[in-house]
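Going by the order they are written in, the chains are A, B, C and D; count residues from 1 in each one.
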Amino acid sequence: MGKAHSRALRDLRHLAVPLRPELVSISGRNRESLEQARELWGWAEATTDWREQVADERVGLFVNAGPNALHFEPTAAAARARKHVLCEKPLGLTAAASYELWQEAQRAGVVHLCGFNYRFVPAVRLARELIEAGDLGEVVHFRARYLQSWGWDADPALWRFDRAEAGTGALGDLGTHVIDLARYLVGEIASVSASVRAVVPGREVDDHFVATIEFDDGVLGTLEASRLARGRINSNVFEVNGSRGSVAFDLERLNELEVSEAGSFRRVLVTEPEHPFMRFWWPPGHIIGWGETFVHEYAHLLEAIAGEHDVAPHGATFEDGYRCSEVVAAILRSADNGRREEVEYRS
Amino acid sequence: MGKAHSRALRDLRHLAVPLRPELVSISGRNRESLEQARELWGWAEATTDWREQVADERVGLFVNAGPNALHFEPTAAAARARKHVLCEKPLGLTAAASYELWQEAQRAGVVHLCGFNYRFVPAVRLARELIEAGDLGEVVHFRARYLQSWGWDADPALWRFDRAEAGTGALGDLGTHVIDLARYLVGEIASVSASVRAVVPGREVDDHFVATIEFDDGVLGTLEASRLARGRINSNVFEVNGSRGSVAFDLERLNELEVSEAGSFRRVLVTEPEHPFMRFWWPPGHIIGWGETFVHEYAHLLEAIAGEHDVAPHGATFEDGYRCSEVVAAILRSADNGRREEVEYRS
Amino acid sequence: MGKAHSRALRDLRHLAVPLRPELVSISGRNRESLEQARELWGWAEATTDWREQVADERVGLFVNAGPNALHFEPTAAAARARKHVLCEKPLGLTAAASYELWQEAQRAGVVHLCGFNYRFVPAVRLARELIEAGDLGEVVHFRARYLQSWGWDADPALWRFDRAEAGTGALGDLGTHVIDLARYLVGEIASVSASVRAVVPGREVDDHFVATIEFDDGVLGTLEASRLARGRINSNVFEVNGSRGSVAFDLERLNELEVSEAGSFRRVLVTEPEHPFMRFWWPPGHIIGWGETFVHEYAHLLEAIAGEHDVAPHGATFEDGYRCSEVVAAILRSADNGRREEVEYRS
Amino acid sequence: MGKAHSRALRDLRHLAVPLRPELVSISGRNRESLEQARELWGWAEATTDWREQVADERVGLFVNAGPNALHFEPTAAAARARKHVLCEKPLGLTAAASYELWQEAQRAGVVHLCGFNYRFVPAVRLARELIEAGDLGEVVHFRARYLQSWGWDADPALWRFDRAEAGTGALGDLGTHVIDLARYLVGEIASVSASVRAVVPGREVDDHFVATIEFDDGVLGTLEASRLARGRINSNVFEVNGSRGSVAFDLERLNELEVSEAGSFRRVLVTEPEHPFMRFWWPPGHIIGWGETFVHEYAHLLEAIAGEHDVAPHGATFEDGYRCSEVVAAILRSADNGRREEVEYRS
């Protein structure tokens, strides 16, 4: 993740955005690998103590791309120190922690963004714009699943399998992405019915979850995530059906959006100059990659910091990060008690 | 449906199967359209009273392809009269009725088959064979959805929207197919959590349902069916993920099976001579249609009647039809009470 | 081929067409296999002498689905005996023979159809209708290729590899289909530049040809056919680009037509009731197979015999069969002499 | 193109390559837009006289991404001044000019690379590796086409439509890419038969060409390029068929390679760590974009300059650029005289 964030920040020094980032300082736990990263990725300084960065007056934006267990404390401290903050998802290890982080950022009055970078895939943004414009009519169904397969052959020592470091498994890592997309594209989630599984023997965190959801307006949907779906490498797929049309997306083909307006699906290559974010890039048909979603995310954030627009609705705020955590919590409760669980949001 | 059944029966007079069907008699409610059907589809006689057929000594196989509300009584009577029986799904309007029908057939000692014709798609049978052969390893996930879109623009007077005639809507019509495929491919369903919706105002039956399921061995899955998914015409899609590989299928491309054994998916065109049922048809790559699934279903049934094999496991018996009805019942209970419902099967 | 023709004729006894075929007599060379075919496929009589059929007053339509070398003589005799005639492609082994056959049929005043059954794929007919309606604007490019792979592993004793029986290889077997589709969809072919190869050692006929073509109006295209393209089973693919839109087709997915009207391609499932020939079949999305193209072909022919319309332009007449042969001849000349060859058509 | 080259060079300052580029100086014709580009893209200096760059001792690598008519003179001068050179394709406006440029670079002893960046698509490199490893057996067919559609609606004043600036149209712009890929993947082209068209009235350069080709070993292929193929945005497609397997590629899905080894095609997502160039990027399934091909191209070039390997065979040298120009010349001759033209290469 550090590589993707660093490259995006460097890229933004050379694109038409209102603020030009300086790469002041990078932090990490291992001195040696940190220095290598600093040198390779183009950071001026490196430190093993994030408190130095929080205290550093030159730092205007604090980015937290560390392991899940390290999201809360440094981000909260940075916000209190009046840094703008970008924190990777999941925001906190619990809904309560996520709520606190949102409150801290809000009290501090800083710009806050939760790293749901898939909102910044041009095809995803286009899907949202089509829905808002009424091209699909009234939304009636939503389904999404995020399937990967690396969980079968992975090193058991990975922090992602450590409950203390990661909190949850596929649910927090992949499931939060589809929860956020559900909220971004359709609306607030009112209730969930879910089951969660640790399939691989000895694994501390879940490999797989399934859920049905009900949105505020009664629309039904399904969610699923797994790290054990052979043949699926990075298959973050969603489909929205409306009374007049549908859209369908697969992250493995992130430059494409399937759009149905009159019966059949058109495969729209989302690379025209008028498509979201494509002003930054190449001629039509010359596709972009996953790394570019971070460039778009930072461009959006820098514009928000410069006062050109709010982070919401197109960027995920810490409130979005918190609300996602409540959905995760309701999924875990439902999996535990076998009941449809209402999601309760604090305000 | 009458057209598809009639054509398949005529086809079977010209294929290498152990029994050659005679088209003795067709029944229906409207005298005029019945006579047209008789003449066009090649039946020797027509009657508006199915009791005549049940009493007819020439009739060895009784096929019920009528509206759902007319599945029980004629089929039960035919079984009691020692006719072999093929009944379209859903078997009965309730699980209790389905159970009774199964018991009647069993008591009568006749061959009984419930019309889950998608078991007879060559790609579906191939999927089952790959799973049985262990090519996918241990199954860990299942997901299926059957999406159509005609519900938006349909004539409200259709019997399929009449609760008395149809019982349920998308659930009984499309959902039963995916329930049966889940059972055929993975195993018995132990519990369900579901929501069901009638979306279109004034509709007496459901347009949409979503469910998570748990199989006997703890494996999780998702099910969904809708008649309101714009852009999806007849999209009966499933995917099975195992510890070593996966298969994926879409009825809109019924000659293809996506198979993953080592990372990526291969698109297998299921038209080679060694593929299931393809001995009846054309050279490789010359695809078959939906109508041919009925030919395979009848070929299987005729072989069973001739004693070459049992209907199970590759054909759905009335027991399978009954068990599917129990899953439907559990889905309706869960949708009603918001709880994960265990499916109770009588034996 | 006999199986496909027989089944289609039987099907037409049960569809809404103006004439109902009787299966009077089948002929063949091997007495034993002929009798089996007669019995299985539902023919009343069988004979090893086609002359008996030509002399048979009950025969109104003579169908020639034999090996290429047996196309000319029996078909010519049948036409002279005032039978309507359907002859499989390629019409004759040479352009001169094809011309003679056309002339015979024309002199006899019978209805004549050359078996280019892919004109009767609903998606192909739809492509033609879209072009005629001007939906694509002015056609500017055409490309087509017919790729199979069975040639690698085939029995060398097959009649298709025998020069005396087959005339040519991939060119006459597969190439004629794409030549006919080029003519049907775009227009007359004025000149060709081509190369032809027998790749497999010892093979008497070609395995592969490539050609560029120029239509009457100057539009350029490419043609190719092979029996040695690993991974391609029955991949008859074409694409037409016009000033306003495009269509693309693949026979392995014969129920689909890719249509571009405004930038991107829509995947049209050609199974709606209003789509060509679909009045004969199933509800939307319930696909048809390769065998059904013969039903459509015969339905068209029977309507022509009944005087409802001409065979042309939607059916291929013997004139079309002859003109295709002239393109084949020009391809062979060009392959031989390395020059762009004009195609000369006799009238 | 300047944006893509600049970003790649900046990226290479932060990747594990043996030389770290400095962005010394950028040149251009328009002072104002040049200064903007310099500032935005991160170049230290800007000049309207490329001769200054050629004379600049700090410059070790001279990159020519200007219009076709400006490829020859500056690149030749840079080579003579002992700069390593990267020149965009087509190398010269004529085969003779391309030959001269190659000779200049060779005489100067500098490293030279012609900008065929599609050799640096991971899926293309993988295709080459599979062929070299014998996974496809003996190659028997090749087909490629590069289709775009912007030519219909383009500004007629574009330099790409100016014969003096561009030389040719689709042939030089798109056709050279498929010619180079044919040579890279299969081998030397011995002869061509071609037709070329300017379709849009008033256009000075070609919009479309088609060709059949014969490789040194007798294998046949087809080539095509167009800027007028509605629905195709950037569709650079090739397929190689061998005696044991096949590969197929489409630039619109540049992270995928279709691979057939045993009958059917597998869709390989070319994003695993062991795939070509992917060591630079993201986790599996997180795709890269078109811009990254320039990073790979420069990485290869910098390694060559550092002496780690030659530019050939995986990079296109000026000899490759020259040979491509000879194929273009033969295509133009064949289009003119209607004959299969042998391609004569000087050494």
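The rule is short, and it goes like this: a contact is a pair of C-beta atoms (placed from the backbone, for glycine too) under 8 Å apart; a residue touches a chain by one contact, two chains touch by 3 or more.
None of the values given here were measured: they were computed from a predicted structure.
For chain pairs A-D and C-D, the one joined by more C-beta pairs in contact is C-D. Averaging Cα atoms per chain gives one point for each, and the point farthest from that of subunit A is the centre of C.
With each centre defined as the average position of its C-alpha atoms, the distance from subunit B to subunit D rounds to 54 Å.
The geometric centre of subunit A is 36 Å away from that of subunit D, both derived from CA atoms.
Our note on geometry: subunit C versus subunit D, Cα centroid distance of 41 Å, whole angstroms.
The set of subunit C residues touching two or more other chains comprises 233, 263-265, 269.
Residues 136, 140-141, 143, 145, 147, 149, 152, 193-195, 197, 199, 208-212, 214, 218, 220-222, 224, 226, 228-233, 241-246, 248, 258, 260, 263-265, 334, 338-340 of subunit B are the ones touching subunit A in the complex. On the subunit D side of its complex with subunit B, the touching residues are 263-269, 272. Chain contact summary for the complex, subunit D toward subunit A: residues 3-4, 6-7, 10-11, 13-16, 40-42, 148, 150, 233-235, 251-255, 269, 271, 281-292.
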